[in-house]
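Shared between the two complexes below is chain A, which has chain B as its partner in the first and chain C in the second.
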Partner chain A sequence: MASELLQLLVDGLTIGVVYVLLAAGLSVIFGVMNVINFAHGELFALGAYFALALIAPFGGSAFFVALFVAPLLVGIIGVGIERFTVRPLYGRNPLYHILLTFGLVLVINDLIYLIWEPGSVTLPLPAVLSGSITVLDVTASVYNLFIIVFGALMAVAVWAMFEFTKYGLIVRAGAQDRQMVRNLGIDIDRYYSLVFGMGAALAAFAGIILGGYQTVNPTMGMSVIIPAFVIVVLGGLGSFRGAVVGGLFVGLVQTALRTYAPIFEGTGIFVLMIGVLLVRPHGLFGTDAGEEHAGNLLSGPRGGFLDPQTRTRLGLAMVGLLALVPLGAGTLYSTYAVTLVIEIIIWGLFALSLDFVMGYTGLVSLGHALFYGLGAYAVALGLSHVSQSAFVVLALAIVISAVIAWGIGFLSIRVSGVYFAMITLGFAELFYNLLGQLEFTGGSDGLFGLSTYYGLAGVGVELDEIAVFLGPVAITGQSLFYYIALAALVASFLLTRRMLNSPFGAVLKSIRENEQRATFIGYETTVYKRRAFVVSGALAGLAGGLFTLNAGYATPSLVDWLNSGEVIVMVILGGMGTLYGPVIGSGIFFGLEELLTGFTDRWRLVLGTIFVLFVILLPGGLVSLPSRLAPALLGAPGRGPNPEPEPESNPDPEPATDVDDAHTRGDD
Partner chain B sequence: MALESSESTEPNESTDPTEPSDPIETTQQRTDTPLLQTENLVKRFGQFTATDRVDLTIERGEFRSVIGPNGAGKTTLFNLITGALPVTAGAIYFDGADITALSPSARVRRGIGRSFQISNVFGGLTVRENVRLAIQSVARDEYTAVESLFKPTDRYDELNDRTEAILDRIGLAHVAAEQANALAYGDKRRLEIGVVLATDPELVLFDEPTAGMSVEETRETIDLLEAVLVDQTLLLIEHDIELVMELSDRITVLNGGQILAEGTPAEIAANQDVQNAYLGGMTE
Partner chain C sequence: MSADPLLSVDSVDAGYGDTQVLRDLSLSVDAGEIVSLVGRNGAGKTTTLRTIMGILQPTSGHVTYNGADISALDATETARQGLALVPEERRIFPDLTVTENLELAAHGGTADDSLSVAEALEMFENLRERAGNSGSSLSGGEQQMLAIARALVSGADLVLLDEPTEGLAPYIVQDVMDIVAALNERGITVLLVEQNVQVCLELADRNYLVDQGQVVYEGTAAELEANEDVLDRYLGVTA
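After this line comes the complex of A and B, so read on.
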């Protein structure tokens, strides 16, 4: 028993040390620069691949050279990333860093695929590190012990550097008050590059030693980034001590769970993180110092340079145009067009749902795929157990998603900013792992082979059985579903827009503008945020439900965190805080994907690059383009005085001039 | 036509929204309890005691100023009264009721308004929306949940009338449709005060309303305060001693988190402790 525990300790510490190195860099980068670096996992993988390339010509004995050269190279890349992509974003909300580094994930990951072969490779180790030692019945490989000792030394070295060197002092001072350090005549920006580079190098170290322990493969970055975030959040963002304690702890817990309770291996750490955040909203060692709102969210343009009537017409024209798509399918173009636009519509609805909470209350849900998946599974399970009626199961999807959103909102809206993003990510990952393990959800295969009918109480039709004839064109099957999806999108848009024009929506906007002020004119802002989150979750559930109705299956991959990231991408791409922008964003996203996959397998690389440029150059999204260009083209400011498009039902916009009696005019 | 008779009784309530008649009535009804009272109020941050056994009593209609050197605990006291910070010990009574455990927004609804420094308005919203949000906050019980979720704001005629009345009163009706960010310095100040006024407060707390202003701007701001908030009880933190001496009914001097002295401007000016601790620097 004792030897078993010791074995567990050695194995747990091995993984734990890797986590410590990974999380330390992540945490320090956040603490100093307020940057959430999602690309950290890819830098970790890059370290392993660089080492692979360095060792390959010389054999295992070159391992020690690679162990120092590869992190140096990755460190230089890190400096470059900071200098050219992160730096332009300082002063903006940390959300933009999440988005930027998410783009970098796509870019670096695809580069790895491009340069190296897909599949797992073994990292050759020197003879010194192979073999094993047996002490007191415990067998530990030399390499394990090497990892633990080397990793511990690295961690101590980093800590000592921050604590005792002038460099460390300046960086710590800069984390407290950047401007003050500048006033002392110190070029703080240069130090930030170094911090980022150092964090990248630490990640590379971790990548190399884990690569030697397990294998090197292109997905290794993706598989460690989420646990690394859990550790950083658990320990407290920005806390070096927290990263060390959290890393070792998670390493041990994961190893113990794998041995004794494999069912909880995937879910355990997320339960742990959520639990810790609920008791200590800033992590074990965190303070709330890092949580100042450094910059504003840049939402899409308000008003724009088109007057409300033109916008309404434009919107109607767009819907009209979309309604025509199925008519030409099979004749003018392949029926695949319908499939593609259905995907755009469903994801457009999903993105709209996120925008309602992110764009209007500033809550960044990094786990919104949870609600998409909930909707999908609610429909799938509903079809198998409750009713075959599409309407019943969609209603079920909406209700279940709304209820879960209320619960998660209740638990997590008390933590704000980055911690909220992380706790929602935690819930989503928890759900993802649960889906893979639960029997009634079909495990990792999911649920499939589902069929439905459109009607109630057994009276209704299947879409394949009927056809609507419009002149020479017969619309059936998927094309009919197309209209159902389009109707759901339009209805959701109108509903949310209506809500935003109501007193409820006015409060949401006030929270976005200035939450403190909203509190001090008497609004319980957490209650309003929670309500917005419920609406958002319900609509995301509807989107997921529509997906499953159409596709006939639901799998855990729907809840993958990459989906949560992509939907944020769409919102930003189109323009946050506009409702229609995210729908456009969805169209652009899938359009680009479609276009790029025609040319290259490495479309994520191009997409990621486009996205990185977007965040840096056009943070207001595509819909901000016209009003950005307007001053240059027309020589006049493009921004109108009306903050929101007026509802169609009220064609009289508020007068832009000082017509005093505007309010006395009876509207209806 | 039967409606007419019932309507004729109503105008008492909504005749002229520019006259905030309600607060005065309630004020006159209950003059027995002080409007605000703190009892043995303590706030500690770790080892540091920022507010040390403060007993503060503010009567209705009073203009009270809180002064004290930097670090005396003035802003902490404000944060405790408005609920921005939880108390370590002690109690706060407003209008006779214990509000110590209430959230900031609940206190606002009870009638404690707080004015912030200039930038603290909803910059991306219009002037009208700024004021309407405050009005809507106080009036939210008048509408059903469905209405407040789905009925467009511009169809709440009564709320909009009240909004326009406030806009008239603070002299911003002509810029009602402009973004608050686009306002001139003085107009932003007006809007800030208008937003507080719109929450229909009985007590208004001002934290250095004239910080960073020129003499002229300070004068304008104070004139505006006195004109618009005649009916309210005011609690003011202010550095400008001359201004405080001129405006206040009573002055509370804080030092090291404790109340050092309290009294009329004349009493405070004559107080030796105060001169030693605080005013000493000015007599050189």
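After this line comes the complex of A and C, so read on.
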């Protein structure tokens, strides 16, 4: 028994040390720069691949050289990333960084595929580190012990650097109050490159270590980034101590669960994270002092470049144009066009639902795929157990998503900012892992082979059996579904727009502008935010339900965090806080994907590069393009009340805290 | 007093976004003086300090320090010229110890640190006792002392003090006033924002009365105290 526990300890610590090194950089980068770095996992993978390349020509004995040279190289890449892509975004909303680093994930990951072979490779180890030692019935491989000792030394070195050097002092102070560090005459921006580079190097160390323990493969970054986020949040954003404790703890818990309760291996850490955040909203070692005002929300130009009448006409024309798509399918172009536009419409609806909560209340849900998946599974399960009526199961999808959204909103809206994003991500990952475990949802295969009819109480039709004839064109099957999806999108758009023009919407907008003041006026803002979240969840559920109705299956991959990331990308791409922008964003996203896959296998590399350039060059989203281009094209400034995008017109990159503002601006 | 003021603010407009707070505001501070800005909530006192410090940039007008135009400088650069802002909320680094808070300040500011960390701990005896404690564990009065000490250690010649006595118990207010007087004796110039008129009357050589983003009155403590009309109209205190 004792030896078994010791064995567990050795295995758990091995993984734990990897997590510590990975999470430390991520945490400090967030604490100091307010950057949520999704690309951290890819830098981790890059470390392993660089080591692989360095070791390959010389054999295992080059391992020790690679252990230092590869992190150095990745560190230099990190400095470059900060200097050329992250730096232009300082002072803007952290959401820009999500889009930016999401783009970087695509770029780096695809580069790995481009340069190295796609499968798993083992990292050659030196002879000294192979073999194992047995002490008191406990067998530990030399490599594991090396990891634990070496990792611990690294962690101590980093800690000492933070604790005892001028550099460390400035970085720690920056994580607590950046503006005050500037007020003291310290150019904190100069330290950012170093912080980012150091974080990247630590991630690379972790990548090499894990690569030697398991294998090196292109998805290793993707699989490790979510646990790393959990650890960072668990320990407290920006806290090095938190990253160390959280990393070791999660490593041990995961190993113990794998041994004793494999069912909970995937879900355990998310339950843990959600639980900790509910009790301590800033993590175990976090302080709320480090959290900054959310900054400028990146909404599209309000009022916009075109007057309302023209916009209504444009909208109607767009819908009209979309309505024509199925008519030419099979004759003017392939029927694939209908499939593609259905995907755009469904994801457009999904993106619209996210915009309703993100663009109008400032709540960034990083796990919105949860509701998409809920809708999909509600439809799938409804079809097999409740009714085959499409309308019944869609209603079921909406209701279930709304109820779960209420529950999650109730639990998580009390935490704010990045913590809210993380807690929603936690719920989504929890659901994702549950889906893979549960029998009645079909496990990791999901549910498929579903059939439906359109009607109620057994009276209705199947889309394949009927056809509507418009002159020479017969519309049937998927083309009929196309109109159902389009109607759902238009109805959702009108519904949400109607809500936003109501007093309810006015409160939401005031929350977005300044939540504290909305509270001062007497609104219970959490209630309003929760209502918005429920509406958003319900619409996302509708989108997921439509997907399953059309595709005939539901799988856990619908809830993958990449989907949550992609839908945020669409919202930002199109223009947040506009409702129609995200739909355009969806069109651009799938359009680009479609276009690029036709040209190259490395389309994600191109797509990622476009995102990175986009976020640096066009921060207001695509809908801001007309008012930006107007002066150049027409020779006159764009009309609209706010032709200049927000960030440039604000001279203060970090607005004062609310209290401060209220004080100065108060008019009594 | 010398011919050229240490700090002069000339016809400055400034504000937040579309909201203009300062309208054609002018004032000057000579080396070695203690000058106060008094006025009601929302008059623009804090905004004046933020604009001098470079946290806000003036939309028109100039800020001149030591004969050089510092209007376009940001907070980091102004701090290196020898200005230090002690903000209203004090903004002590909560997870750094008292000593670390001071050491950080020593790394910033001007190159010649008139006061070392050790000397500062010598000067502020209640901070010396708590040197190893974290900033968040300090009382309001101790935080205020630390914020002032931090400005000294950074090597500032002009300290901008925003409401140093706000929220402090009366006997601690006296401690803070003593410290302000003590730094002035060390040759440090002070621009003080206060709502407590008594503090201003006692400490300041000259007072500016700010209302709706403009200077509406300027005078010595004796002059201000004698001017019941001004006291009543702008400050709501009847002497």
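FYI, the second predicted complex is superposed on the first by the 619 of 668 C-alpha atoms of A that agree within 3 Å, B and C clash if a C-alpha of one lies under 4 Å from a C-alpha of the other, contacts with A are read in each partner's own complex, and residues count from 1 in each chain.
Heads up, the rule we're going with is that a residue touches a chain if its C-beta (ideal position, glycine included) is under 8 Å from a C-beta of that chain, and two chains touch if they have at least 3 such contacts.
Quick caveat, the model's predicted, so the values are computed rather than measured.
When the two complexes are overlaid on their common chain A, residue A:215 makes contact with neither chain B nor chain C.
In the superposed model, A:7 makes contact with neither chain B nor chain C. Once the two complexes are laid over each other on the shared chain, residue contacts for A:478 go to neither chain B nor chain C. Judged by the touch definition given at the top, the superposed model places A:176 against chain C, while chain B stays out of reach. In the superposition on chain A, A:259 contacts neither chain B nor chain C.
In the superposition on chain A, A:498 contacts chain B only, with no contact to chain C.
Of the two partner chains, chain B is the only one touched by A:525; chain C is not.
When the two structures are aligned on the shared chain, A:509 is found in touch with chain B, with no touch to chain C. Shared interface residues of chain A, touching chain B in one complex and chain C in the other, are 649-650, 655-657, 660, 663-664, 666-668. The part of chain C that touches chain A in the complex is made up of residues 16-17, 19, 21, 40-42, 44, 46-47, 50, 53, 55-57, 74-80, 84-85, 87-89, 91, 93-96, 100, 103-105, 107-110, 136, 150, 154.
Looking at the complex, you find that chain A touches chain B at residues 302, 498-499, 501-507, 509-510, 512-514, 516-525, 641-643, 647, 649-650, 654-658, 660, 662-664, 666-668. Looking at the complex, you find that chain B touches chain A at residues 82, 103-106, 108-109, 113-114, 116, 120-126, 128-129, 132-134, 136-138, 140, 143, 147-157, 160-161, 163-164, 173-179, 195-196, 198-199.
Contact residues of chain A toward chain C in the complex are 166, 169-170, 172-173, 176-177, 179-188, 287, 289, 649-652, 655-657, 659-661, 663-668.
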